[in-house]
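One chain, chain A, appears in both complexes that follow, with chain B as partner in the first and chain C in the second.
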Partner chain A sequence: MNRLVATYGRTLTALFWALLLVWLIALVLVPTGMMVESSLWRMEQTTAEAQDSLDIDRLYNDISVAELDRSSAIGAKAAQLDAKLAAMKRQVATLEGREIVPVKVYTLRNYLSMSGLHVRVFVRTLFYSALVTLLAAVVCYPVAYIAAFARSARHGALILLALLVPYSINELLRIYAWLMVLDYHGLLNTLLIRAGIVPADDPIRFLEYPGSVFLAMVYAYILFMVFPLYNTLTTLERSQIEAARDLGASAWLIHRRVVIPHAKPGFAVGCVMTFMLSAGSYSVPRIISRGTGGDWFTQLIYRQFYEAHNWNIGAAYAVTLLLACLLFIALVMASFRVSLRDIAR
Partner chain B sequence: MLGVYLVCFLVYLFLPLALMAAAAFNSFPQPALVPWQGFTWHWFGVLAHDERLISGLWHTLIVGVGVTVVAVPMGLAAALILTRLQGRAGGLLYGLLVSPILTPGVILGISTLVFWRQFDVSGGLFVAGAAQTSFIASYCMLIIMARLQRQDRSLEEAALDLGATPWLLFRRVTLPFLAPALLSAGFVAFLQSIENYNTTVFAIGGESTLVTEIGSRLRFGLSPAVNVIGVIFLTVTVLAASLFVLLRSQRR
Partner chain C sequence: MQGQSLDLHAVTVRFGDVVAVQPTTLSVAAGEFLSILGPSGCGKTTLLRVVAGFQPPSGGRVVIGDEDVTGRAAATRPTAMIFQSLALFPLMPVWENVAFGLQARGMGRSERRRRAGTLLELVALRDYADRLPGQLSGGQRQRVAIARALAVSPAVLLLDEPLSALDLKLRQHMRAELRALQRRTGVTFVYITHDQNEALAMSDRVAVMNRGAIVQVDSPARIYAAPATPFVATFVGESNVLVGTVAHRDANAVLLDTPVGRLAGRAVNGLVAGDRALAFLRPEGLRLGAAQPGDITIAARLESVELEGPTVSMRLRAGSMALHATAPNLGQHPVPGDDVPLAFHPRDIVVLPDGELAS
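The block that comes next holds the complex of A and B.
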C-alpha cells in the first residue's frame, strides 16, 4: 500500500484502488450477494389473505349462480334474489378492498422445493461433467506431453498451432459442427444409410439421445485440459526425463514418478476449467437438444428465469450450481495439493 | 506410436470443422456434403443481406469495445496493487479477483441480471457488457501481473530519484514497460467478449449479439449461412493463431 503511494503518488494510487473496488464490489461481490439474497426469499400471501382470495372466488361463483336463477325468477322470488345478489356484491367489494399484497418471506423453500426430477437432472449434470473431465484428462495428457516434448522447436510450434485453432474457434461453431454430424439428415445418418445399416426412410434420431450432448460436450471443452497441461509440462526440464531414463526407469515409471507429479498444477487447472465449463454449459444442451430436452441443469435455470419468470427459484438453482462448482474446486485443490495461486497462473 | 495417437486426436478435432466449412460451399439448401449439388458462393451473399445477423454483429462490436475499454484499466489497476500487496490480505484479494474465471458463465450472467434489476435496468447490451467485464477483467489482470513479475523496480526508483512526478513515471516508465501485456490483454478481452455465449445469453434479455443470434437460429433448423460464418471464423482464427505461434517462437 505504502509502496504504491511511494511510487505512483496519492492520486494515481487512489485511482487504482477506485478501479479495483468498482470491479470487485459492483461487478463481482454485490451481484453475487444479491443473487444469493434473492434465492432466500419469495413473495407469499399470508394465510388470512389466502383465505380471502378463496372467499372471493367462491362468492363470484355464487353470484353467477344467483344471476342465472334471477334471469328465470319472477315476483317475490326475484326481489329476494336481488337482495341476496346485492349483499354478495357488497361482500366481494369489501374483500377486494383489502386485496392481497404478497409479502416478502425469507425461506429456504426455493432450495427445498426442488422436485425429484430436477434433483435427478442436477445429479446427472454433475456426473456427466465429472466424466467429461476425467475423459479429457486421460485423452489430453499424452497430447500435452507430445506437444511439450516435440522433436524440434518447429515441430512443437506446428502442434501448438494445430491445437490452438480448434481451441480458439467459437464454442457455438464447434457445437454446430457436431450438430451437422448427428442431425436427423446429418452426416452420420447419411453414411449409415449408404452402408445399408439404417433404412433410408427411417434414420436414427441421434440428437434425442442424452449421449449426444455428452459427445458434443467432450468435443467443445476437451482442449481446456490440453493447454494447462502443456503450460506446466513446458517448465519441466528435458534433462530430468533423460536422467530418469539413464537410471533405468521404464517409460511408465518416468511418467508416474517424474512427469505426472510435475504436471499436477496443470491437471488441477484443467480439471477445474473443464468441469466448470461442462456443468455450467448452456450452449451445448440448448443447441444439441434444440431446446426441447431438459437434460442439463443450466436449462432448468434458464427456464426459471425466462419462461416461468420465477427469479427467486432461478437464483436458488444458480446458487446450487455455484456451490457444486466451488466444492469441486476445493476437492481438486485438496487432492492435487495446489493453492489458488498455482491454479490461476 | 505417440505420433499416431496425436494424428488421430487432430483428425478428431479437425474433421467436424472441415465438414462444416466445406458444407458452406454446397448449393444444396441444407448444410450438408451429400448430396453435393455443386460449388457456390451463394450463401456468402445470403449472409451479407441478413439484417439480424448484421445488427447482431454491430452489437457484438459495441459490447466488445466497451468491455475492453473498461476491463483493461481495471485489470491493470488490480495487477499493480496486487504485486505490491503481500500476506493474507493480498491472498484474499487475489482469490476474490480471480474467482469470476472459476465461476460458471451462466452464474455471472444471472447475478449481474439480478443486480441491475434493482436499478430497473433490464437485460440488454449494457448488462451483458457488465457481466462479461466481471470475468474478462480477471484475465487482463493475470496477463498484466505475469509481466509485472518480471519488472525491474530499480528503473522506477531511478526515475523518482531523478525527480519524475508520479504521472510522468507512470506514463513514461510503467506504461511503456507494460505495453506488450496491455496489448495482449486488450486483444484477449475483445476476443473473449466477442466469443462469449453462456454469460451473454442470460444477461442480454431481448437484444442479441452475433453469437446469441447464431445460438437462437441453430434451434430452428440449419442454414448454410451459419456455415459461412464458420468459414469466416475459421479463416480469421487460423490467421490469428499462426501469427501468435510465429511471434511466440521468434521471441524464444
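The block that comes next holds the complex of A and C.
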C-alpha cells in the first residue's frame, strides 16, 4: 500500500483500490451473494393455502374474460353475465379473506430436495466434464509441445494462429457447425450414405448419442487447455531437454521426468478452465442433443428458473454446481501438487 | 571411466549461406584437456554441438576412440555435455539429477542412489543429495552438473563455458577443481571458453578459433609466447602492435622499420623486404629505466599510471605511437609527464605478416 502510494501518488493509488473494490463488489460479491441468499430461503405455504392462491389467480382470470364478454353482450345474456360476475367477485372476496400470504423462511431444504433423477444428472455432468478435461489434456499436450518447441518462433506462432482461427467465430455458430456435421442428413451421414455404408432412409442418429455432446464439448473448450500448457512449456529451457537427451534418456523418459513435471501448473490451469466451462456449459448440450440425449445439469438449473419458476431451488442447484467446481479445483491442485502461487506465476 | 581420443575430420557447418564452422580438422588425445578459445560468435559452441550430436555437420566426420559417431544421436554417443546454463532439472533433488543418466540406462533406484552418492562424494556434495538445485549456491550447482555428466562414464566430456556465470573468486577456485577432477578421472575434456585466462590456466593445449576456423593449436605457453597470427597475438593476452615495413630478412632475424625506429625480431617465413608486417610486444616486455645487455632503448613520455594491485599499468607515448607497459608493483611509481627511457629485448618481439587483429 505504502509502496503503491510512493510509486503512483495518492490519487492513482486511490483509483487502483477503488477499481479493485468495484470489481470485487460488482463482479464477485453481489452476484454470488444474491445467488447464495436466494438459495437459502423459500416461501412457506401449506397445500391448501397454495390451492387458495391458485384459485384466486384463476378467478381473476375468469373475471377478466367475463368482463370482456359483458362489454359486447346485450339483453338477457348481459343480465346472466352480470349475475355470474357478481358471484365470482363474492367468491374472490371470501378466498382473499382467508388467504394467508406465504412467509419467507430461511432453510436448507432447497439443497436437500433434489430428486434421484436430478442427482443422477448432476453426477453424470461432473463425470463427463472430467472426461472432457482428461481428453483435452491428452490431446493438447503434444500440440502445445510442438507449438512451444517449433523450429522457429514464427513456426510456433503459425501453429497457434491455425489453432485459433475457429475460435474467432462465435461459440454458438461453432456448435451449429458440428450440428450440421452430425445431423441426420448432415455431412457425415451424407458421406456414409454415398459410400453405401449406411442406408439412405435410415441414417445414423449421431445426435442422440451422449458421445456427440461430449465430442462437441471437447471441441468447444479444448483451446482453454492448449494456451496455459503452451505458456508453461515455452518457459522450459531447451537445454534441459538437450541435457536429458545427452544423458541418454528416451523420449518417454524426457517427457515423464522433465517436460510434464515442468508443465504441471499449465495442466492445472487448463484442467480447471476446461472443467468449469464444460460443467457450466448450457449451449452445447442444448443445441447438440435438443432434448433427445441426456440432460446436462445446467439445463436443469435453467428449467428451475424459467419453466418451474422456482428461483430458490434453481439458485440452490447453481450453488451446488459452484461448490462441486470449487471442490474439483482443490482436488486438481492437490493432485498436481500445485499451489495458487504457481498458477499465478 | 576412461578417456578416449576425439578426431574431427574436415567438419563443416553451414546455416544456409552462412558458414558457421569452416572445414575443421582437430585431434584430441585420450585424457587430454583441450580448450577451444575464441570470441563470441566464432563458431566454437556450434563445433561443440557437432561433437555432442545436437548439430548435424554439413560435412566431415566425428570419430571418438576408433568409432565414427557422425551419424549417431546425442543419446547414444559416449560424450556428456555441461551446458553454459548448466541445465540442471530444477524439480528433481540433487541425487536424482546426478542419477538421471543412470535411470536412462535402466538402472534400479537403490543402485542409482548409491552411485549418485559416490559421485556426489567426488564433488564434495554428499550432504546435499536431497536438496533441490535451487537451494544450492552457484559453485555447488556447478559441481552437481559435473557429477551428473560424469555419472554416465563419458569418454569425452564437453564443457560449454560452464564457469561464465560465477564470480571471479569462485571461477578461479573452480578452474583448479576442474583441472584436478580431469586428472583424477582421466576423461578427455573439451572446454569451450572466451576467457583466455581460463584456457591458459587449465588446458594441456589450446585451440584458438576465429570466424569459424581454428587458427592455432598449441600449448598454452606457446600460444602466448609464439602466436601464429596477428589475431592470436592480440586475442590472447595484450600486445603493443607496431606497424612496419620489412627492411631486411635473413635465416635468423628480420629487420623492421617502425615508427619507433628499426627493430630486429625473430624471423618468420613468407616475409620479404618491402612487405608490410606487424611487430608485437607484450606490455610486460617493456621496461622503464635501466637497459640490459642487448636491449633496444627508445625515448618515451609517461602519460598515465594505474595501480592494479600486484602490477602497475603505464600508458606511454613514443613519437606518434601509444604504448602500454606493465611492471611489478614494487612500491615506487614513476610520475606521469616524465620523459623516460623505454627498453625491451629483441627476443621478446614477435614479427608476423600483416593480418586481422582481435578487436
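Here is the rule we use: the second predicted complex is superposed on the first by the 278 of 345 C-alpha atoms of A that agree within 3 Å, B and C clash if a C-alpha of one lies under 4 Å from a C-alpha of the other, contacts with A are read in each partner's own complex, and residues count from 1 in each chain.
Operating definition for what follows: a residue touches a chain if its C-beta (ideal position, glycine included) is under 8 Å from a C-beta of that chain, and two chains touch if they have at least 3 such contacts.
Just so it is clear, the structure is predicted and the values come from calculations on it, not from any experiment.
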Notebook entry, point to check: When the two structures are superposed on chain A, do chain B and chain C clash or fit side by side?
Noted result: fit
Next item on the list: Look at A:Ile159 in the shared chain and tell me whether it touches chain B only, chain C only, both, or neither; answer first, second, both or neither.
Entry: first
Checklist line | Of chain B and chain C, the chain that contacts the larger number of chain A residues | finding: B
Next item on the list: In the overlay, answer first, second, both or neither for which of chain B and chain C A:Leu340 touches.
Entry: first
Note to self: Applying the document's definition of touch, where does A:Gly211 land relative to chain B and chain C: first, second, both, or neither?
What the structure shows: neither
Notebook entry, point to check: Once the shared chain is lined up, is A:Leu27 touching chain B (first), chain C (second), both, or neither of them?
Noted result: first
Check: In the superposed arrangement, which partner chain does A:Pro102 touch: chain B (first), chain C (second), both, or neither?
Finding: neither
Check: Which value in Å is the smallest Cα separation between chain B and chain C when the structures are fitted on chain A?
Finding: 17
Next item on the list: Once the two structures are superposed, pull the chain A residues common to the chain B and chain C interfaces.
Entry: none
Note to self: Please output the residues of chain C touching chain A within their complex, sorted ascending.
What the structure shows: 52-54, 73-76, 79-81, 83-85, 87-89, 91-92, 100-101, 103-105, 148-149, 151-152
Next item on the list: State the interface residues of chain A toward chain C in the complex, per the touch definition above.
Entry: 237, 239-240, 242-250, 253, 257-258, 261-262
Notebook entry, point to check: Which of the residues in chain B come into contact with chain A in the complex?
Noted result: 2-3, 5-6, 9-10, 12-14, 16-17, 19-20, 23, 30-34, 73-74, 76-78, 80-81, 84-85, 91, 93-108, 110-115, 117-118, 130, 133-134, 137-138, 142, 156-157, 160, 165-167, 169-170, 174, 191, 195, 197-198, 201-202, 211, 214-215, 218-219, 222, 226, 229-230, 233-234, 237-238, 240-242, 244-246, 248-249, 252
Check: What does chain A use to touch chain B in their complex?
Finding: 1, 3-4, 6-9, 11-12, 15-20, 22-24, 26-32, 34-35, 38, 139, 142-143, 145-146, 153-154, 157, 159-166, 168-181, 183, 185-187, 190, 194, 219, 223, 272, 276-277, 279-283, 286-287, 290-291, 298, 301-302, 305, 311, 314-315, 318, 321-322, 325, 329, 340-341, 343-345
